[in-house]
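What follows is chain A paired twice: with chain B in the first complex and chain C in the second.
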Partner chain A sequence: MENLKLKIIKKKDVLNFLDSLKEEYNILVPKEKDGDIRFSEFSSGEDIPWDYRNTKISPKEIFLPRTETLFSFKEGTLTPSDSGGVFAPANEPKGSAQKTDSNKRTANYLIFGIRPCDAQAFSLLDKLFGGDDFQDPYYLKRKEQAVIISLACNKPQITCFCTSLKGKPDNEEGSDIILFDLGENILTKPITKKGEEFIENLNSWFKEAKEADIEKKNKLMDLSLKKICSGVDLHNIKEKLDEAFDISLWNEIHQKCLGCGICTYLCPTCYCFNIIDEMDHETGGLATSRGKRIRCWDSCMFSLFTLHASGHNPRPTFKERMRQRIMHKFNYCPENFKEIFCVGCGRCIRNCPVNLDLRETLASLMSFGSMSKDKKV
Partner chain B sequence: MNNPYLPIPVTIKKITIENEARDIKTFDLVFNVKKDIEKFKYTCGQFAEISMLGIGESPIGIASSPIDEDLVQFTVKKYNTGVVTSALHNLCPGDMIGIRGPYGNGFPMKDFEGKNLVIIGGGFALTTLRSLTRYVLHEKNRDRFKDITVLYGARSPGELIYKSELKEWGERDDINVYLTVDRGDENWKGRVGLVPNVLKEVAPSSKNSVALICGPLIMVKFTMLPIMDLGFEPDKIFFSLEMRMKCGVGKCGRCNIGPKYVCKDGPVFTYEELQRLPQEY
Partner chain C sequence: MKEIEEKIKETVKKLFKENKIDIFIGYSEGTLPLRSTPCLITRPEDIEKLVWNSYCFNNLAVYLPRFFLPQTQKKDVKLPRIGILAKGCDSRSIVGLIKEHQLPRENLYIIGIPCEGMIDIKKIQDAGCKMKEVEIVSAEEKNEKVIVENEDKKKIELKKEELLADVCTSCKYNVPVIYDVLIGKEKRKTKEEERAAIIEEFEKKPLEERWKYFQEQVSKCIRCYACRQACPNCYCKECFAEQTKPKWIGVTDNISDIMFYQMGRIFHQAGRCVDCGACVRACPVGIDLRIFTYKLIKDVKEFFRYEAGVSLGEVPPLSTFKSDDKQEFITEP
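Let's look at the complex of A and B:
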């Protein structure tokens, strides 16, 4: 039964397929620019880098932009921002992280070709920004309007360790549809109702998948899974860390850390943010009563993150801040959301300027049983 | 969907300078739109984000009491490093600001009914305790609570806040008020001594009692010993904590102590709850 839903689309048809959807969706695809891959708006005729490994900056920026306007104000009157604006990467010309493009007819998103680990990260962020007490309208509105199409990994990187968490190269969590690159053909598998309807409505582009296609997919995934050879046993890590707040190991593992915050910046599941006000200074630098309240990414690795106005700081050194990052992902979130907030994408490992490896940190925490408790708490 | 980031517009009706150093002021706020009062139904011990457009926001405990109709009060200490508190202290009656909230759990007032309350405050941290005291002293509520003891200390007589209200409380016979200062002056005829020492002297009974403690960290720390000696169980001792906050709704990720968020799960915690959390506050 499952296999009946599997469809095939020819790789060479995909660009035309996306082209036909441009009216209906803001289509975001991986695009190469200056040696990096970044999700950007699809333009006709530009090919998809099918074998791209992963983006440097995680696609969480699509739903939680690096900076976004919560509302603007003028002489005391508030105007909440329309969170359905078109996403554009911050460094693109004439683009802001959130611009309201009046020419664009739609607020729907089609995110095409995201890696399964990053799609899974969205399902984690949903738990935070949804939640049963307070909902975050900005994140949720964008998320609601999006169809997420992920692309299974044929070639994992050496820093990938998704299999140590809940992931695998064809992990389906968080995606509406998952694609498999079989060479000339793309195998599509709908996962959610939204994904099923999406494919049904566009049925003419697809053919039934043959047994051979499915076999090929299975073979590719087996091979890919074998290529993920690094990992760490995280069984019961939440319970282990319950007892780990005061262990002496924290004194050691933060030593290399520079506190640059790149791990949190690139992480697809790090969501901590700051809220600041910005005034418009168009009238020759004079203060006006016009401005914006802005939300932007923040990082628990910075000392200002928790500094009180009184001067007191509950996390004064790298040690406490490093501990916060690890504990938040692997202990506090499992406590609050029943989920580890890490998908094993390896961005923090690849981009750390001092080669701090999260896998090693976790492995040493997992074996902390023999270590002594820190006397000074 | 309700947008929790939008402040409710309010106007400053009155500003009271509370102390000699003139860096603690109480702001009386009225809602610009009458029906917003309904949106801002709060309990004692909750807080709000005070919002100044173009400046920012700051989480401040609500000093007024749910029985104060049509009016919300905040007592704010100005820190020179605090952008919002500094700007707030420059405002005049008639100026407009915003508030977001109410946030946090507040004191479990229902659980306090039928009990003796021992209220211990230090410095300007009396604010939410003042909210609670006003509430329990109100004629509609007083019968539901047993003995009420307030022990309040400040560095000097001039630094005691809510002076006229303290005097009023002192004149009532249904509340015991003990005021103390670290250093007296020529006009001060009351107690001189630190809060923990005065607590030992006053020695309120722990039988059927709860203790509510708010003050500077150092005062709270040294109050723990005498309060435990008096026989208060950890689940009968309540604190209200402070933390740097931004969103106030448990999303922005900075005010946590272990897995608990002070903005959402707090700011009121019992000593029992705190003992189970890491010491990171």
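Let's look at the complex of A and C:
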């Protein structure tokens, strides 16, 4: 029954297809720049790098930009930021993926071709930014206006370990539509109602998928799944870590950590941020009443992250910070959201300057004897 | 390489046996192809983990200052005795740190290794293995070659010489400048002149062009501070970039904030940078930091006839004043 919803679009038609949507959507596609792939605005005629592995900087920056102005203030009055859409206004910081043509009328946008692990990460971030306790209007507004089209992985990387979490090469969670690259054809499968409607409205571009296409897709996915050969047994990791706060293993795990923010900044699920007020420059930052309230990424790996005004720092060394990163993802988030906040994309493994491999860290935590017996810190 | 690796293990075993060190810092096998990983050894049984190959590119000196923080140096605590593996660049960083009173020489046991140059993973791309297309699943070093295997089990043979990092090909201090024992003694030819030529070429460009290049490069920065954290010289307890009282720079990725950070950090390296390339390697977004750090090195050499981390005796130019010090660079940028 489900197969009825599967449609085919010719790969060579995809560029025209996206072109036809340019008025209606701001379209973000993977693009090559300086040897890395990053999500950037689609421009006509520029081909999609269909076989790209994954972006270096995760697409979380689309919904949670590195820096964003929440509002500006002047002598007691507040002006909400006009960066309501993901496309930041022209005066926003340079270098962000979402920087684009600010004259666009539309606030809708289309994320085309993100990897399933990153799409799943969005569904995790939704739990935080759109949970029962707090709703983050900045994140949610962007998220609601987006159609997320993911691209199943034909060629996973050696650092991929999504199968140890909830993922797989064609994981559907977090996507509105998932695409399969079959070579000449692209097989599309709607996941959500939003995705179904999207395809229905554009029906003329698609035709029914044949049995052979579906078979080909299944074969590709089987093959791809087999290529993910690294993994960690994370069964009951939350319960294991419940007892692990004081174990001596933390003394060893962090030793080679340099304390940079690469793992957290490239991570698709790390969401910690800092909020600061930036005063206008002309008054020299002193006793001014004009400025902006800015939200920007922050990292638990930085010493300033927990530095108190008193000068006390409850996480004074790399050990406490590293423990926080692991515990937050694999213990506190499962406690709060019933989900591990890791999708196994492997960015932190690939890009760590000292090859501190999260898989190894987790494996050693999982195999650390009876944790409760060892309380030595 | 294997011979050297065995000698390293032997030496470290002896050091532990004779109770000369408490901790040893070296490299062990990485989890990814073309990677070795820093490793801290406290138990003699872990010595077997140590490796020596062309992927030992991390500057290990970065791990030293944390054992000798000023507050622990003042207290009446016993400081650890640390054994460390040092390539030429690591040894120069150690010299710099000793001179800046961050390390007590007597607590270090340095195993110096004349380095034959380390592989730059990014160079593999230039050598015909576009990472977007080729996923390297394993690598093997054989004589002067590196044989990488892709996911389809296809083997690709690459010349090691072509894969060496720029900092390595232009390095003229591949033999450590300070050590307690030296394993191997090969001096390697360098292309320092070529590197200097690139900088001279850059210097000749008009101001606007240089400024544009600088802006382009730093605008990639995501403020992860990996360059700072990987640098042995960046041991400040609190970095100017993160100070809040007073606050020197904003925390955004606005170009002026980023530029302030990058410029501030780079200038703090004047007369201190040993050109180990740790910052360049750590940068996840590929900022060409070395064009700026190397310019500093060149200037310090020209103006003050000083090279950082070469000898323990020489006084760093920023710690001294001579009446004939050059000062044109202040007035004529």
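Please note the rule applied: the second predicted complex is superposed on the first by the 343 of 377 C-alpha atoms of A that agree within 3 Å, B and C clash if a C-alpha of one lies under 4 Å from a C-alpha of the other, contacts with A are read in each partner's own complex, and residues count from 1 in each chain.
As a working rule, a residue touches a chain if its C-beta (ideal position, glycine included) is under 8 Å from a C-beta of that chain, and two chains touch if they have at least 3 such contacts.
What you see is a predicted model, and the numbers here were worked out from it, not measured in a lab.
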item: Superposition on chain A - do chain B and chain C clash or fit; value: fit
item: First (chain B), second (chain C), both or neither touched by A:L223; value: neither
item: Which of chain B and chain C A:G259 touches, first, second, both or neither; value: second
item: Partner chain(s) touched by A:D51 [first = chain B, second = chain C, both, neither]; value: second
item: Touched partner set for A:L356, first chain B, second chain C, both or neither; value: second
item: First, second, both or neither for A:E320, with chain B first and chain C second; value: first
item: Contacts of A:N274 with chain B and chain C, given as first, second, both or neither; value: both
item: After the two structures are overlaid on chain A, angle v-u-w for chain B, chain A, chain C in degrees (C-alpha centres, nearest 10); value: 90
item: Chain B and chain C, minimum CA distance [Å, superposed model]; value: 6
item: Chain A residues contacted in one complex by chain B, in the other by chain C; value: 274, 276
item: Chain A partner contacts - residues on chain B that touch it in the complex; value: 1-7, 9, 52-58, 79, 81-82, 85, 96, 217, 242-244, 246-247, 249-259, 264, 278-281
item: Complex contacts: residues of chain C adjacent to chain A; value: 30-33, 35-40, 58, 62-63, 122, 125, 131-133, 135-137, 151, 219-226, 228-230, 238, 242, 244, 247, 250-255, 258, 278, 281-282, 284-286
item: Touch list for chain A against partner chain B, complex; value: 70-71, 73, 76, 78, 80, 128-129, 131, 133-137, 140-141, 245-246, 271-277, 279, 287, 289, 291, 293, 295, 298, 300, 305-312, 314-315, 320, 327-328, 331-332, 335-336, 377
item: In the complex, chain A residues that touch chain C; value: 32, 34-37, 49, 51-53, 56-57, 66-67, 93-96, 155, 157-159, 227, 255-256, 258-262, 265-266, 274, 276, 278, 285, 294, 296-297, 299, 302-304, 349-351, 353-357, 359-360
